[in-house]
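Got some structures for you, see below.
Consider the two complexes below, in which chain A is the common component and chain B and chain C are the respective partners.
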Partner chain A sequence: MRHATSRRIEGLPAPIQGVAQTLVDWIPLGILVLLWELASGTVVAEAVLPPPTTVVGEIVELIVTGDVFSHLFISLFRIGVGLGLSILAGVLLGVGMARSDPVENFFDIFLSMTYPIPKTALVPLAILWLGVGTEAAILIVFLACLLPIVLNSYNAAVDVDQNLVWSAQMMGTSDREMLYKVIFPATVPEIMTGIRQAVPIAFIALVSAELIASNQGIGYLILTSGQIGNYPTMFANIVIISAVAFVAVRGFEETRDRVLVWT
Partner chain B sequence: MDVTADAEGGFDLSRVIDIGKSIYSLVILLVLWEVVGQLGLIHYYFLPPLSAIIARFIELTLNGEMLYNAYLTLYRALVGLAIASVLGVIVGVLSARNDLVDWFFDPIIKIGYPIPIISLIPVFMLWFGIGDISKIIMVAVGTFWPVAINARDSTRQVQTNLIWSAQMMGTSDRRLLWRVVMPAALPGILTGFQIAMPLSLIITFVFEMVAGGGGLGALEIAGVRSFQSEQVYAAIIAIMFIGIGLDRLLRFTRSRLLHWT
Partner chain C sequence: MWVRQGDQLMDGRVTISELEKVYGEGAERTKAIENLSFEVEGGEFVSVVGPSGCGKSTLLYLIAGFLDITSGTIAVDDEPIDGPGTDRGVVFQDYALFPWRTVFENVTYGLEEDGVPKEERQSIAQKYIDLVDLDGFEDKYPKELSGGMKQRVGIARTLAYEPKILLMDEPFGALDQPLREALQDQLRDIWADVGKTIVFITHDVEEAVYLSERVLIMTRHPGTKKTVTEVDLDRSGTREEIVTSDEFADYKNTVWKSLHEETQTEVKL
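Up next, the complex of A and B:
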């Protein structure tokens, strides 16, 4: 994926070159942040766009005082449980549909009907059923993440190399062992792809649910600090949840590359 | 949806059986839904009988409320998506063709794409208010990233052989872009639109739920707040139709535009 057409720096000693390259690569972002700093309080009112220095100060304060952690942990808990359940159910459903016709006949129509519904449109339904709070947020994260995982594990399980299955059968593998020892391992890479697609969706679903149907969590904190006019806190929390989402995606990719050594 | 598979004439029984197999679960669920609702096994507020929801859906459609709110939602989502499509394709293609543009946008895209865009709704309420303009800008900003990234990556992957061949035959830079690069990158660009379309609806719905101002999202949340659960379900049915319709439309456009692949 890494692309190297942007300006390359050459002719420097290796360690310095790496640092210089990184610097040059990120200059545009530096320019933007500088413009933001300059614009704040001059072009636009400081209240409407607090300067980056203020926002960073606010982030540091939120972390030092520990105010943010209770909300952050709740948000992470919701993501963790919702995503975890969707992985469990999604893999079972995807592999089950691929290996068994009755299962596929039963569930296929539900999947193709719910596929085009943006799952965040179901937040009001979640409030209806579960009230405002953690359960509603978990339900939305679960539903939003389910489909990419089902689709990827389904496709993977359909495409399992038939030679593998035959070889295993010839060696006397039982049906149950076949599932655990042959089918699941062969589908793991695609399941990982499904989870990789689901992680950013999980964050969108989480924040949507917390904006509309919550009284805790980072999304709730963003909305309420905006409503009471505490804009530095609002921006600080947006940066925090974005950083968490970024780390989650990158962390997952790194782990996957390390675990999936055989691909 | 209620395709009842009567074996009329029985001329193609296997096909009828196939259809029956693929929809029987839905029929069972819908019947169960109605029965459970009618018997009052689940409280009306949580799960009204299907017939009550359909009646409400028809009522809202006939008095124009549903159509008007659907129009508001679609207007916001599609105008925003159109703006993002134009800007995204321009930035994406330029990034792939020009080092300086790439140098500038690469870190911005790397940082901008992972931001859970929904979290910026309160910011857009602060900057642009809660009206149509604010929602449209929000949709445009949110859907810009997938469009730009797909346009960039697919333009980069255009085979250099194609470009060299065209250049050797004396194609001008401008014609090269329109006649060689863009057609070759079109499948990837359309994939970007297909990712961005549901995102535009997501942003619009959530914005409408948070800030009001009409639209299907506002209709849904109003149903929750006034304890009219039929209205919530009716709005979700409308959303499902819109989602299916737009999805079909994009697939159809794709197959028409890409008939040569």
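Up next, the complex of A and C:
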């Protein structure tokens, strides 16, 4: 989200500037946490809004006892498989539709129809078909992530510079090879953009699915701890999954920048 | 006039017969090229000039096999072309390098496609990278290069897989004057070295006369052959000696006048 020019601190020696910049970046969050701490137990009942100190204690507890990890791994596994499948299918569909009229004609109607459907509305259907558990969650993550990846790779594959295709043709590249030798590499930056959009969507879809259709996972922990009135644990799990999502987005951005050295 | 090497007719002859190219259908139908017959001899350097919209780039892409011929034929060494082929190589105005490949990988692309073994690929690529003065830039990506360097990569890439015919589409059009002149001289040297047929599209009369043995001037819309000027210059001297000579000025005037008649009709329309 942060633009390079916003909230820039300048005119300090490099190491100090780095620390100062980080501090400035996190100040708004610090203020929010402070207000939360003050509001808890005063403006709002502590039972409804446990103070951050309690939530942090609960997070530490969850980590030290190891209770959270089995659920976190299940959640991450579902995201990994769902997102992985959506990348595979999304790139194939997007590039395929862009470069082949029959493929486009066939799949266009499905994508147009499913585009406006909130994918989390399909959770009950996923339960009906796949039962409560991992498969249903994976299906929802897959469906939610598919469209941004299809759309980005489709648009990029349609717009591949004709001269690049001709260049490859004159050097002996066949139409079939063209897909993976020219069209796909030329489309990689936009595929990365699609995945970048899909990563947070994957977390949203996952937690939505786990809230309804699961006996495991962070979403399930959030729901059950809320139902029994254990709000510190509920908050702790919300914070944990948010932090993991944040790290996943940042981690992906780092990877993307490394892959795209040539752009 | 045949260009002969020993007793052999040189390869890379392009024969264009009654060529016609029509774009679109019905009301959208436009004729880009009409009744064009022309022959480029093997090893010859021919420039094609014409007013904008005369179909000179279309002609080049037809020879390359990128576009479909409406009627007539284009043959390379008496063999009618059918789509793109590695006997012809295009140098594009906008370079058209693969941005995800380094300079070296761009130059080796055609050799990879040709199944040349890796070690041989590397030595051939290095030879052409050196030829265009880009040694030291092998591992750079195109985005890290200036326009002139990119075009030298474009030339090296096309030379590397050894097409008989180089098709160049205003390759220096986007570059500034000193750089353009340097690359023109480099191209003349390369042409003398590697002995290829070159079809060179340009709108710059001086460039056409300076570089080529013959200049094909095309009429404006639909494009066809207007006149052909043979340029018989003594090119043994320096650029300055050549471009300031009377004969150079004469050739330039001849081509310019012929071209100017076409641009005049354009203005009247």
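Quick notes on this one:
Throughout what follows, the second predicted complex is superposed on the first by the 235 of 263 C-alpha atoms of A that agree within 3 Å, B and C clash if a C-alpha of one lies under 4 Å from a C-alpha of the other, contacts with A are read in each partner's own complex, and residues count from 1 in each chain.
Everything below uses one rule, namely that contacts are C-beta pairs under 8 Å (C-beta built on N, C-alpha and C of every residue); 3 or more make two chains touch, one makes a residue touch a chain.
Being a predicted model, the structure only gives us computed values, none of them experimental.
After overlaying the two complexes on the shared chain, residue contacts for A:Asp159 are found with neither chain B nor chain C. Touch criterion not met for A:Glu254: it reaches neither chain B nor chain C.
Once chain A of one complex is fitted onto chain A of the other, the partner contacts of A:Asp67 are absent, as it touches neither chain B nor chain C.
When the two complexes are superposed, the chain touching more residues of chain A, out of chain B and chain C, is B. In the superposition on chain A, A:Ser167 makes contact with chain C only, while chain B stays out of contact range. In the superposition on chain A, A:Val182 makes contact with chain C only, while chain B stays out of contact range. Within the complex formed with chain C, the residues of chain A that make contact are 161, 163-164, 166-173, 182, 185-186, 188, 261-263. The touching residues of chain C, when paired with chain A in their complex, are 61, 64-66, 83-86, 88-90, 92, 94, 96-101, 109-110, 113-114, 141-143, 157-158, 161, 163. Of all the residues in chain B, the ones that touch chain A in their complex are 21-26, 29, 45-46, 99, 102-108, 111, 114-123, 125-127, 156, 198, 201-202, 205-206, 209-210, 216-217, 220-221, 223-224, 229, 232-233, 235-236, 239-240, 243-244, 246-247.
Touching chain B in their complex are the following residues of chain A: 3, 5-7, 24-29, 32, 48-49, 105-110, 113-118, 120-125, 127-129, 200, 203-204, 206-208, 211-212, 218-219, 222-223, 225-227, 231, 234-235, 237-238, 241-242, 245-246, 249.
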